[in-house]
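Some structures are shown below for you to check.
There are two complexes below, and they share chain A, which is joined by chain B in the first and by chain C in the second.
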Partner chain A sequence: MPAAGIDDAALAAATLRRQAWDRRLTHLWLILGVLVFAFPVWITLVGSTHDASTIGRGDVPLLPGGQAIANYTAAWTSGGEGRYRASPASLMLWNSALMALLIAVGKITISLLSAYAVVFFQFPGRMLAFWTIFLTLMLPVEVRIIPTYQVIVSLDLFNSMAGLTIPLIASATATLLFRQFFLTIPDEYVEAAKIDGAGPVRFFRDILLPLSVTNIAALFVILFIYGWNQYLWPLLVVNDRGLETIVVGLAKMIGNGDAQNEWNIIMAMAVLALLPPVLVVVVMQRWFIKGLTETEK
Partner chain B sequence: MATLDVAGVTKSFGTTQVLHGVDLTVADGEMIVIVGASGCGKSTLLRIVAGLETATTGRISIAGRDVTGLEPADRDIAMVFQNYALYPHMTVGQNMAYGLRIRGLPKPEIAQRVTEAATLLGIESLLDRRPRQLSGGQRQRVAMGRAIVREPKLFLFDEPLSNLDAKLRVQMRAEIRRLQRRLGVTSLFVTHDQTEAMTLGDRLVVMHAGHAAQVATPMEVWARPADTYVAGFIGSPAMNFLAGTLADAGQAVALAAGPVLRFADGPRPGPEGLPLTIGIRPEHIEAGASGLTLPLDLVEPLGSETVLHGRLPNGEALTVKLAGPAPAGPAIQVTLPAAALHVFDAASGKRLDR
Partner chain C sequence: MKKTLFKGTALPLLLLAPQLAVTCVFFLWPAGAAIWQSVLQEDPWGTRSEFVGLRNFAEVLVEPEWRGAALNTLVFSTSVAVLAMGTALFLAVQADKSIRGANLYKTLLIWPYAVAPAVAAVLWLFLFHPSIGLIGRALNQAGLDWDYKLNGGQAMTLVIIAAAWKQVSYNFIFFLAGLQSIPKSVLEAAAIDGARPVRRFWTIIFPLLSPTSFFLLVVNLVYAFFDTFGVIHALTGGGPGKATETLIYKVYVEGVQNVNLGSSAAQSVILMVIVIALTAVQFRFIERKVHY
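Here is the complex of A and B:
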């Protein structure tokens, strides 16, 4: 009970006031957060619309300029006139996209199949196989980079898309995720399928794959971005300019000192490099949110 | 024409033996209910018949064909699971059609069979829904439909009603029975619910610790239980057991509680003084003005009848079920009618007959 003399209308008004303040504070905090995260992206976007000399003077413009079309055309077709003659963005974007796609699809395919084998079949050495896969978690590309490089060179895969992607495809993370998911699938589905007469291949195709769709979509997004952001390995294993990826190309465009950087072109290139991952997230997100809300079982 | 023969089936998981030699012959079109306490091996037996589990020893034949070494798909059976196991990403229609599609039946025939089964079960309007858009009872029907469309030689049910609420369970029970009669498909039905067992089965298999304790019609199991386990398992409230010894040259039993009762149906073989267990169902005990005094410690009124729990002066528990309201007073007088006695050998627990 409220103390005597305080009526309910005053209490309600006080509650409203407090809620309004809560809302304002929350929003203030959120807006600050957005600013911190979005500001660099905004600077890049704005920078890509000015000419080289504006940025060269050391100004950091906060409003868009008029050179957008020229900058983007230059980035797309030639990669600019700078000290480091980068490849055109069109080529590097294609290389990056192909690499990221191959890595994502390759990883998902291999992990689905190996998780299927480990979870649903009894064979000698099953646990050994599982633990071997598990152990490779401790050996990411960076750790095994020298021997991997040696292997790729010996296999004559230096400077090839295969050499670029295959070492990155081998990974345990996705296998483990699928294994965990498969373990939650009730035995009854397997048994019902057996009675229905579905062999291992049909069970995989007709039942396991459709049930895994949301997992596959989520993993695809993560793995595509993982592949897209690869830097060290592509830098090592490819020196053919025709196979250069955009992350590597972008880094190479930024020189260290003696000559002017074409910041306008670099920023246009950076914006272009951002787009495909964003696109993948947007498209796939719709898909796996649909899957999540319509969750089966 | 499909019969089922289970011959000497045993099953061990590692070192623990779960089935100790089960024999069972099922006639064409018969509905057999396997009933027993949890963990007695009912599901294991059913899964061995289905081919989902391999028997350690023994043989399974369906319609005279030895299927012991065959895959489930080659045994021409259909199974309804406890949680239905409907594929969540397929519609009801696709779920029902899946087995037929794999067998490569022509599309029009699949469609026709699915429609027929759906009509039979009253689920025509649900064919385009997903399993998660169905109620428990509807899922149950779809699971039945998936079994029916296959037109198998043998239906296997593993506690298909245990996820339903009490009312729906009674309704689906009757429906399954009608359907099974109508289709005339030989069936094995596993349950731990004795009402379900009594009402559904042409015959019951009462399982106890990996053995078939008794295989008989429901009435036979109720009226002439083969041993004390079956006697105590079937019937509610459970049968009373009283200790006694064989007396009067096998003509009577001397109860530890006092009275000597003459058997109504003739003498039992055995030496004088042989320890016996006498069973009597609570509903057969009569209350009256004379007889044994039974002090009551719990009275359960059930409306049309009353269940009374008490302890005889010698310490043995006795449950009595009387028609009508509870009698007044802290004790009643009971008599045990000779015709209602079940006589078991105390050592082996086996029924002793004339």
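Here is the complex of A and C:
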């Protein structure tokens, strides 16, 4: 029956056409999404390459100008000249990086140790210790901000890198993640280590640590970003300009948001503030997604 | 549980010491202090304090400003959650289709996670500033009186957009993971039965995603409650008036600017109760979703 054959062919062609349109539409939506996400950053990036008066006039440029070097130099060395100035970006980037690294490394270290103790040892008070750590999961720093601030003051840690980082180091999530992972390690590993005469310290160093590398990398990405993006806590415990972090410094430069602000320098500062953590996510994407989906926040 | 364990008490306690020390000094002590201060009333000079029972709580709960902040928080967090989750789900459904460049799209959609809330606020300020912002100026030229520094509703809209923009990528990653765990055979069977894409989405994909959605709802609410302090502080400072003052912002204002410790502590305790409730809900959920 030739007629039916033609119908089939027409139907198949129609289906193919529809699928091609579907694909085009999908691309269109995704490109639109990507553009909406990138747009504010593009405007900021472009703004950071023009002079203050171009932006102050309100003629928002859509393409880069020629003031990039001057603006970034100003942000890097002086933190701007305006009424609301921050510390130089060079100093604030260093402070932010140090804070983020100390928080990430500190959290990972104390969580590895405590998860090891809770999983591999039998000792009195084990469950009490576990639940004490677990409790902290329920109290994000923002909730207990004022009393924690008072503790910092009474311990004389106000205006110090220690005061900035140590209170954020305790982490139930990291401990739970490592505990989860340690529980999947077969008992035979411990037995074999014991037969070979390895004590708990050597077992930890030679077997457990190498096995945990992927988890540590994944967690590091998440915690580095967590540390870098801290806002309320640095705002409270540090007023020494020498310890200012870039996220807080950037917000300070905005002041009341007057049109007369040095917007070009502020935009350069914004680019510098978001670049390091974004690079970490893009470069370490695989570990980032693993860390995110496995810690479940 | 482990069958083979190491023995000894001193070593495990030593291993636990740093974690427990930080937990006790910076978590339990301040939380205890918050509860203790919440039942005290300090005199204006901070020299004496007397026990007042639950009076601070009673005062906070009837205070019109606190109720205003609670309402703001409700509007803000619901809007952020709906906007961030809706956009993320839509984009995840698109990115889950087998198209060329899917991985590139993924990379280009997840980076905003790394942007600090306060920095996200600054980026959107550049766009919506009434005199230097591209969109802000366009709105004014179109005859819409746009100034988020004067208009409370506009200020709220702006902080919602900035806060949601940053959170979409987080939701996107989880929705995409959820979509990819749905067996393709189920969808093919539905397609053969003649179910159109839209119908397939609402009758098959959406119900199968409900555990993910529920988990994300809790995470988004917690995010909007606490992590967005930077957005509001950098963008509106809680203003104009108190139009964008949320509960966490009010704790800050009360404790840092007004130094009203009893009231601030009572508000902190109320927030703690809210977080504990949300976390408990989340944990029950995680226990039940072990299957995927």
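By our rule, the second predicted complex is superposed on the first by the 262 of 297 C-alpha atoms of A that agree within 3 Å, B and C clash if a C-alpha of one lies under 4 Å from a C-alpha of the other, contacts with A are read in each partner's own complex, and residues count from 1 in each chain.
In the analysis below, a contact is a pair of C-beta atoms (placed from the backbone, for glycine too) under 8 Å apart; a residue touches a chain by one contact, two chains touch by 3 or more.
Computed from a prediction, not measured in an experiment: that's the story for all the values here.
Look at chain A after the overlay: chain B and chain C fit there side by side. When both complexes are overlaid on chain A, the residue A:210 reaches chain B alone and has no touch with chain C. In the superposition on chain A, A:196 makes contact with chain B only, not with chain C.
Once chain A of one complex is fitted onto chain A of the other, the partner contacts of A:127 are absent, as it touches neither chain B nor chain C.
Of the two partner chains, neither chain B nor chain C is touched by A:16. Shared-chain residue A:148: touches chain C; no touch with chain B. Across the overlaid complexes, the C-alpha centre of chain A sees chain B and chain C at an angle of 100°, to the nearest 10. Contacts of A:283 after superposition: neither chain B nor chain C is touched.
One of chain B and chain C touches more residues of chain A, and that partner is C. Once both structures are fitted on chain A, no C-alpha atom of chain B lies closer than 6 Å to one of chain C.
In the superposition on chain A, the residues of chain A touched by chain B in one structure and by chain C in the other are 191, 194, 296-297.
Note for the complex: chain A touches chain B at residues 186, 188-189, 191-192, 194-198, 202, 206-207, 210-211, 296-297.
The part of chain A that touches chain C in the complex is made up of residues 22-23, 26-27, 29-30, 33-34, 37-41, 43-44, 47, 55-56, 58, 60, 109-111, 113-114, 116-126, 129, 132-133, 135-140, 142-151, 155, 166-167, 169-170, 175, 183, 187, 190-191, 194, 199-201, 203, 225, 228-229, 231-232, 235-236, 247-248, 250-251, 254, 256-257, 259, 263, 266-267, 270, 273-274, 277-278, 280-282, 285, 288-289, 292-293, 296-297. For chain C in complex with chain A, the residues that touch the partner chain are 1-9, 11-13, 15-16, 18-20, 22-31, 33-34, 37, 87, 90-91, 94-95, 97, 99, 101, 105, 107-119, 121-127, 129, 131-134, 137, 149, 165, 168-170, 173-174, 177, 197, 215, 219, 222, 226-227, 229-230, 233-234, 248, 251-252, 255-256, 261, 264-265, 268, 271-272, 275-276, 279, 286.
The touching residues of chain B, when paired with chain A in their complex, are 50-52, 71-73, 77-79, 81-89, 98-99, 102-103, 130, 132.
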